[in-house]
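Presented sequentially are two complexes of subunit A, the first with subunit B as partner and the second with subunit C.
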Partner chain A sequence: MGSIELVCPAGSPAMLRAAIEAGADSVYCGLRDDTNARNFPGLNFSPQELSDSVAWAHRHGARVLLAVNTFAQAGGSDRWRRSLDAAAASGADAVIVADLGVLAYAREAWPHLRLHLSVQAAAGSPEAIAFYAQAYGVKRVVLPRVLSVEEIAALMREIEVETEAFVFGGLCVMAEGRCALSSYAAGRSPNLCGVCSPPEAVSYSEEEDALVSRLAGFAMDRYAPGDPAGYPTLCKGRFEARGVLSYLFEDPVSLNAMSLLGGLKRAGVTAVKIEGRQRGKAYVARVAAAFRAAIDAIDRGESPDAYEHLLTDLAEGGRETTGAYRKRWR
Partner chain B sequence: MTDPTRIEIALGPLLFHWPADRIRDFYARMADCAAVDRVYLGEVVCGKRAPLVDHALAEAAERLTEAGKTVVWSGLALPATLRDRKAIKVLSAETDALIEINDVSALKDRVGPFVAGPLLNIYNEGAAQELIARGCVRLCANVELSLAAVGAIAAACPGLEIELFAFGRLPLALSGRCYHARSHGLHKDACRFVCDQDPDGMDLRTLDGRAFLAVNGVQTLSHGVQLADLPPDDLRTAGVTALRLSPHHMDMAQVAEAFRGFLDGRMDAAGLHEAVAQAKPPAPFIGGYLRGQAGVEPVPS
Partner chain C sequence: MSGWRRRSKSDGRGRGERLAVTVLMTLRHPPERMLTAALRALGRRRPEVFERLGVANDVDLVVAPSDFPVAFRLRPGHGAGRVEVERHDAARPSAARITGPLATLIGLFDGACDADAAFFARRIRITGDTQAVVALHNTLEAAELTTADLLPLPDPLRRWTGALLSAGLARLRAREG
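Moving on, here comes the complex of A and B:
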């Protein structure tokens, strides 16, 4: 492993193996239900697949982190407890958790299970991070994607746990875990169901010589004939405010912070994370290999610039941003 | 003695940025409104606004307390700056007073009693019990929860007071960036407080003109106005002990009186709809979340 741990997504056992073979130090995955925030049909692991994959990863010198990062259902917390039990039984290296109730169960039932705080917990202040560390023994915090590199550096001086920062893939505009737009429009949300802008609510229709994408009937965007149509993620829609039509919340772009790896390392970040458990093994193989090469270059004292543009065609909508890390939008 | 089954009426913290004079007038009127039992005060959405409204809110607290209302100070929901963090620390240090917490940051230093606000992610009885162990005496349920889910939490947490977000545009999302500033071509750090132009939030429509959301600085709200018109007996069975009315630029005293009448059985759901509509809410009524549906679903007519 290099100076920064490379954490990659795995939506299936095959994707997990592809990520590790391409150079991931760790992979994160979820069980096949609503206890994780990528609860999509055809994705994720059975408890047996998890155990087999953990054994495979360990043989290849890699770690497995299990995401149990949705909020347990009132009166139905058993599923979340069983997911933690499965993590412990599989020998997974850590669980990624957001819910206070799930954290409490983990601390009680599996005191030796390493706890990472999910980005869904939106812990962006030293006080919030200290609370989770003191109360539940959380060892690592996945940072909200609203912080700049300078803010991360300042934060690191005030906290005593490891941090993990997203560097590539889809981008939440809202504070993660503090957004109910999806359930408002379409009945299911990341916090409660592990899905945002759920596929069953998506439709496309030809209207007046244009293709209109909709979520639960609400128009999200309009495309000229022949233009590639995007997925109608709610916060990336085009809306009208004060008489002006715009992508008010966020332009439809993806995060690529490879150029900031050096800064993140100097800020004291322990691990960098790739988004996209839903995007398959070809995706993860390419992204893991590119970031592996960039981290190794930094560790040799070289510039990672040569690798930065390798992944542009993978960005959703084909366009990239360094997100909040450079804080242009403040 | 007060009736233990009487559901209280609480006025939530003002989510919008109003001028100080409007704030003074508003709370003066609420102090005179017999239907309001409790009032939450304090800037919850954007720490930049706080210095502009502090004095008006302090005056309001005095006036409301004199009028016999319970006053509870509410904390920020998404601390972004050193100043925001300090404000939360100062509030948490009020060990004798009841405060409302809206971000986990406040839990680190809190030793006294507190209300868990709707902007905390408390979705189940396990999470609620963690807060109770730290001094939580009341939970205002997260707006995504159905009445059934709220009932499941209440049943597992005897003695915990349960408040329901019963009226107003639903607080749906928080962000590090300010959409009011962005829509005016400004940066958050030099925003000129343009959010004061929209006392109920800035309407957001889809590209085919359908009303959808409302923007309030870093916060996004529903366009529709939540109206908890469920039978009062169902509310009591679910363990609800208070209804929260979120302040809007309209006759809130009339809204509070209508809910009092509804809870006391002097008015049915249709009567509630009519009386609240007369007070001129900014948008049509919605009520999906409480019924386990998408939040945007309208209330049955």
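Moving on, here comes the complex of A and C:
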């Protein structure tokens, strides 16, 4: 059994280099527009930066995957076609796509461009995955973050494409590609605009010694002095319902499935993925180095336990979860 | 309210700290000229940095070190902007304010610190226009600047000075934990 591939995020060429120098096998990134699901101001790559970064990565033995993983908008699909053209021109090793029309264009215009199915497509059944593989030649599926390790193992026995599983970083609690919470509150969503809780709608204020986070004017949480803070999203907001104050949908925790790497490898998962293109060089260098060490330990037949708690301070809310992989998650 | 200002009014060190503010405000013009010259030199040397910054070019951002007597007001201005020194309690409006220990703020400038982790742990605070702060953070992350870029020096001297400053700051941050 070969080693599991470590796929790390890059929000800039500098972050891409930091990830690869720290041990990433592959890096994923996006162009500076709404064709990718991390469309934040100041983030991402120009087409020229993408070409230069692909050349740099290849010289260092790493691969670059370009995310073109938002859903094309009626009357504006030229941007998605241009992003795929830029990927092909740059020599990127694969594109990560969710939209059927974008997949169809990629298959037709760039038949040799490797296609990965984004988590945004939420394809979690053998039938759905087989459809994408047969219709568009998809070679790898990024698995939805709602499957347990056992479910992934069962799925792997029924599909013929590679799989990639998220193992670290911010956690989407909703069925990806289907969530409209951000649109409801702030008018823009990751699905169409590439941004969940757009920063122009986010504010923080200090009120009576507490820090209050808001999204589009709606209070999302209130942090007492010294409490870990978070970025305000509706799915991780703290609300009062029937007189009880709680995180109605999900606690503000981050995924860390390092302890499950061995199980994912045995299940047949090809690659593991780190979330966090918006986090920066210091983050990706630490996370990539820790997961590199854990994967190498597993390859030597050793336990990765020594590395599991190295990253807790990077987690949102300062707390970690194994998410749906162990199905203890609410 | 900044930690510096709170401390200066509430404990025995108040008089010394008020004196430091007065001295630094009186002598603010040379550092203002130096920092503004460094900003504009960066604009000439690395125009792509300001292109990435986008909408945050045209707003005032206040960087307020909680353990330093004065704050810094930055207007990027597409690489032709300015830096001003001001009191922590200056009444001038700004788009956003970033507050935290000086060593952490410099760590965010040169990419040594993870901004999100610093924010989650409440080591830094932001108020005002989150979009401008996010743009500034992402731009600094991509730019790979060093503390030497805060100095308008010719290239070899800038690199050597930067290496010395970075080593000193790394020690300081390690001591702060």
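General remarks:
Methods note: the second predicted complex is superposed on the first by the 314 of 330 C-alpha atoms of A that agree within 3 Å, B and C clash if a C-alpha of one lies under 4 Å from a C-alpha of the other, contacts with A are read in each partner's own complex, and residues count from 1 in each chain.
As a working rule, contacts are C-beta pairs under 8 Å (C-beta built on N, C-alpha and C of every residue); 3 or more make two chains touch, one makes a residue touch a chain.
Computed from a predicted structure; not experimentally measured.
Of the two partners subunit B and subunit C, more residues of subunit A are touched by B. By the touch criterion defined above, A:227 lies against subunit C but remains apart from subunit B after alignment on the C-alpha atoms of chain A. Once chain A of one complex is fitted onto chain A of the other, the partner contacts of A:43 are limited to subunit C, with no touch recorded for subunit B.
Of the two partner chains, subunit C is the only one touched by A:314; subunit B is not. In the superposed model, A:9 makes contact with neither subunit B nor subunit C. In the overlay built on the shared chain, the residue A:304 is in contact with neither subunit B nor subunit C. In the superposition on chain A, A:194 makes contact with neither subunit B nor subunit C. Legend: residue contacts after superposition of the two complexes on their common chain; A:128 is shown touching subunit B, with no touch to subunit C. Residues 71-77, 98-105, 121-128, 130-132, 134-135, 144, 146-147, 173-175, 177-181, 183-187, 189, 191-192, 212, 216, 218-222, 235, 237-242, 244-246, 248-249, 324, 329-330 of subunit A are the ones touching subunit B in the complex. Those residues of subunit A that touch subunit C in the shared complex are 11-15, 40-43, 198-200, 202-206, 211, 223, 225-231, 278-283, 286, 313-318.
The residues of subunit B lying in touch with subunit A in their complex are 77-80, 85, 88-89, 103-109, 119, 121-131, 143-145, 148-150, 152-153, 155-156, 170, 172-177, 179, 182-184, 187-189, 202-210, 212-213, 215, 220, 222, 288-289, 293-296.
On the side of subunit C, the complex with subunit A involves touching residues 52-56, 111-117, 119-122, 125-131, 133-139, 141-144.
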